[in-house]
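Right after this note come the structures.
Next, two complexes with chain A in common: one pairs it with chain B, the other with chain C.
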Partner chain A sequence: MALDKLVVGHSPHIKSDESIRRIMWTVVLALTPAGVFGIIIFGWYALVMMLGSMAVCIATEWIILKLTGRDAGQAFDGSAAITGMLFAMVCGPLVHWYVWVVGSIVAIAVFKHAFGGLGCNIWNPALMARAFTLAAWGKDLTQGFVYPDGTAGATPLGVVKLAKEGVPIDTEYLGLNELFWGKTAGCIGETSAALLLLGGIFLIVLKYVDWRMPLSFILTCVVLVWILPYKNKAAQDIASGWVWWKEPLFAAFSGGLFLGAFFMATDMVTTPVTKTGQVIFGVGCGILTAIIRLYGGYPEGVCYSIIIMNTATPLIDRFTRPRKFGAKEYARTTS
Partner chain B sequence: MKVGAVIREGIWERNPVFVLFLGLCPVLAVTTSLKNGVGMACAATAVLICTNTIISAMRKIIPAEIRIPCFIVIIATFVTLVDLVMKAYTPALNEALGIFIPLIVVNCIILGRAEAFASKNSPGMAVGDAIGIGLGFLIALVIVSGVREILGAGQIWGVNIFPQAFYDKVFAPIGVMVQAPGAFLALGCLLALFAHMDNRRVRCEREEAALPWVDTMDEILRKVPEKKKKKKEE
Partner chain C sequence: MAGSMPCTFPGGVHPKDCKEFSREFPIEVAPAPGKVRVPLAQHIGAPAKAVVAKKDEVKKGQVIGEPQGFVSAAIHSPVSGKVVEVKEHPHIFGRPTLCVVIENDGNEEWAEGMGGDPEDVSALEPKEIIDRVAAAGIVGMGGATFPTHVKLSSPKEYPIEIAIINGVECEPFLTSDHRLMLEEPERVLRGAEILRRTVNAKRLVIGIEANKPDAIGKMRDTAKEILPDAEVVELHVKYPQGAEKQLIYALTGREVPAPRAPKFGPYFPMHVGALVQNVGTAAAVYDAVTRRIPLIERIVTVTGTGVESPKNFRAKIGTPIEALLEAAKVRPEANKLILGGPMMGLAQGSPDIPVNKGMSGVLVLTGARPDVSRACIRCGKCVDVCSQAIMPQTLSILAEAERFDLVEGYDIDNCILCGSCSYVCPSKRPIVHLIEWARGALGAIRRKKAEEQKV
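Take a look at the complex of A and B:
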């Protein structure tokens, strides 16, 4: 009898209570403050979107697991719920119902399960769903933002984009205070930098997230936006030469930088494993985001930068493979 | 081998798109609507039938060392013919397909059939092969472009499936499906579907022939937990 309890097997031999279910639902918990804030400023439709997307994601996952003959209980491990919640949080508050329904189905069915399901997907499903819906129903995702008082408006970075094109700007909702606490226009979950920071720190304290990743991402992006030259004079105060949108804190608090850095660039499946790799990943994301923000066609680049770096993750993992204990030199080229 | 068998093989077992993966460039690029897909398939089939016939008839006088340049000259001749005919009689379609009509010259279906079939068989067989492969290409393009047009534009052959008010108020078509990413998504999903159907067919055939079925890795993995359960019960 006693022999039955002895397990002989591969490492790791140290086991803990952590499970996929626990980690995933903790991340959902960490996202909740920002989500609740989204409901407060954008109304009940935000709640419908978030819960709806989670339900659609879980249902899609359940059906696919059932069809492929795997354990359908995995659908409730929280990974599908996170995908749904994150996807709803990166949608504007006024998108049509089909945008988040089809987006959630595509996120799970195409961008997760076509690659083999949890742990096998190359890209973050929520971000790919955003990219897909952005390509499919562009107007829904690039327009239709509202300020907390209900009037139509553009996101802070959208205003920057307009300013670059010479459109006069209204800075009422662009103060650092408004941006930090989230009283501005934007996607449901991205407005409140403070609450996202809170959730992010919660995850870092629990060690579900390594602090290097978000820090390197945000720092790189902010510094690059600050120092890189931008020649269009329309978007700056001509008298003093001061470029308000290149302020470091404005760059940090506007757009989806905090949401992306804390909750998407730290996805365990699609980002590098080692600490060095994570820093490389973060810096890469920061560079791409800054370049897209400054010179790109879109106002915000967090989504595409993370997707592009996700693609590079296997390569980063390969070149940051840790040295085996006792080995002097290791072959980088062996697969 | 009979001509009928050659035609049937071209449509299903040797379908140029879904089985041989040839000519994927036009399949991805011009299948934005059913009209374009059918137009492309017809143009390619017309070229294929002509080139297969001529190359097969000339197969004994073309020296083996320079056969590829010879094939290309013959193919280019017919592509130019088709291009000019389309410019004269279907200018709108020609405009829509654009560069992909001249590019039939380098379409690997045409050169592939010339090299693999027409240069080794009699003209009659070569025509059969061209018709089969052409039909297979047509079917593939109709499926891909049909799926993309229905999902991406909500239309079939340029006609709305639902009234415009439906698209404005209830459900807008998934625009990305008629753009470049949609081509890859649609083709990938269709290939997965056909692979699934083919696996099933092979399995049925084996069961009918009472051959021992070799477990795929998936099935072995699926059986392991079941065996463990049985052991525990014992």
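Take a look at the complex of A and C:
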């Protein structure tokens, strides 16, 4: 009879066809529309940056896996590719080539593999790489922005943050329409709220992202920006008296909020595993983002807020454990 | 009324049910084995002690192994013939176990007082019924093999309100319970009624998953005729709906308490006023009580991608599964043999194993490969699907790090080893394996502690 060479192993003997590779490359796919839009408005250098960062990340991971005697094929599982793509997408369209090259290497080598590789890093590697490059080449990261017509200028959040009384604000690229569709200045992947939303919904439908996380993040941030006091009177349209900052949709569509909420706060490795934990994480990110935007030294706070909440993830996980089955007492009815 | 009926439970997974391989094939009697090899350990609890020796003549149904203590079960000869040897042989759990090997003389000669026409048992005392069930060596036939007479003897402070008959069969591929309900609904229902009467339960509910509409229909029609107050309930299709605690929840909304500090002792269905018995067990109880027939045969599904003609066999306990596999025609490329279903069954390294009381299926698969597992990416899917609402992900990491001091606090005792977590894991981590292993280690630590306290 056959059955002379049998495979043995512990149950279950059937597995779902879910895999790391599929999850990671699906996220890359979900990011693609926003990335392509970045190329359309910022030009071919954006493409070079995104593909270049992905390639550098994958190569770095491959070398490290090889050197540490692990399966180097894992470098192509898509997780390094996401880090590269996200890192490029949170850089301005004019950063020098060495900035994104070094940033990508640091993202993988330091912020992923120094902690043990896939699944072991505490912080989102792409965001840590951004924080690192911001410290190293601040000018590149904070000033190299352009509008779709090619003129240099600040991001919408930068414009309102830096507004001075008496200096009129050029409102051409600050309308809600422009912000929603992405015809404004910003990092190459963050401008189009519409396409990021599309990618985010795609991931929610596929259940790779739970809707509670982005919703709690965005909602918290928007509501707080709306209700908290803000002193810079310059950031208002003199003619109409309309304060840019206080407009909820302006807060939602500007900066990296959608990119962060849909693609970074939802990174599986660095965020809580339970649904309740994810809501707490999202609310925490929203609070920190709003505070940094309104009162902090930077115009945008998504990056730091996510990094700070990443740090709190183990703590959140610890206190948001599900109510175990059988915890409910059964009160016996005397018959 | 005893609570709401959610008809499902929180968590769980939806593997393809794969019942189409074997569900259309009527139960057929397995080829009579020339020799049967009957293990003395076929149940949870102490193994039985052999009471026959080499060269003894035995009759069909004769006791060959006596139970050792209360939580144990008697073993009977499934054939008439001659004992060839009492010796250790390979066993489903991996370790060789004492077996009684009997040469079948083919006469099918019953031991005295067995196999007559069914007698009227409606006046029988519960005590007498429990004794007959114990004498018949009946154990839970859904796979857990817990001695049935123990379940029926729940103490007075835990009165049973609802008797549940488990016809869920949520494991993919398996169809033995399905065929039984379809072909012998009367046996099942009459057995169920005996069980209900024994524990004096008000309600009798038969739970069946919605993917067996023909069985639901058949059971309802038969119940209408012979047992009008039995409720046949259609349950949502989800694994592990057939797990005892999940089934009780689906039918009553009650949760069997989780093991808790300081003792972490188990809680049972009786703690929420329920009794759960598999449909196969109910049928066996009927035979045992009305005809004094011990548990010497059961229905075994032989199925999977690795067999050419899947079958549902009525096979004698102790039949070598090689004989069943031969009849079902194993494909040459088959490379995995599982006893039980694919979610909780036990993979075997050799087909040299006899049928036992808890074996609902023999599953043969092709194209099986050992999984290459990777680090946990904390996707949280296992937490979402965990039917016991614990954190399998954390437990698996704690187990890898050998932090057995922490696993207790993460409710490792609550795990029912259903395998939903490993099933969904994108990193293909052997979560259940790690949990079971850590539980073993924790057990050793607890035993040591208990001994130290005694001294």
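Going forward, the second predicted complex is superposed on the first by the 301 of 335 C-alpha atoms of A that agree within 3 Å, B and C clash if a C-alpha of one lies under 4 Å from a C-alpha of the other, contacts with A are read in each partner's own complex, and residues count from 1 in each chain.
To be clear about the criterion, contacts are C-beta pairs under 8 Å (C-beta built on N, C-alpha and C of every residue); 3 or more make two chains touch, one makes a residue touch a chain.
Please read these numbers as outputs of a predicted model, since none were measured by experiment.
**Q** More chain A residues touched by chain B or by chain C?
**A** C
**Q** Could you say whether A:74 touches chain B, chain C, both of them, or neither, answering first, second, both or neither?
**A** In the superposed model, A:74 contacts chain C only, not chain B.
**Q** Can A:102 be said to touch chain B (first), chain C (second), both, or neither?
**A** After superposing on A, A:102 lies in contact with chain B but is clear of chain C.
**Q** Which partner does A:325 reach: the first (chain B), the second (chain C), both, or neither?
**A** second
**Q** Touching A:23 in the superposition: chain B (first), chain C (second), both, neither?
**A** Touch partner of A:23: chain C, not chain B.
**Q** Touching residues of chain B toward chain A in the complex: what are they?
**A** Its residues touching chain A are 171-172, 174-177, 179, 181, 185, 188-189, 192, 222.
**Q** Could you list, by residue number, the parts of chain A that touch chain B in their complex?
**A** 69, 96, 98, 102, 110, 114, 132, 135-138
**Q** Per the contact definition, I'd like the list of chain C residues that touch chain A in the complex.
**A** 10-11, 13, 15, 159, 161, 172, 202, 245, 249, 254-259, 267, 271-273, 306, 322, 325-326, 330-338, 340, 342-351, 363-365, 368-371, 374-381, 383-384, 386-391, 393-394, 410-411, 414, 417, 419, 422-428, 430, 432-433, 436
**Q** Could you list, by residue number, the parts of chain A that touch chain C in their complex?
**A** 1-3, 5-16, 18-20, 22-23, 74, 79, 116-120, 268-275, 317, 321-330, 332, 335
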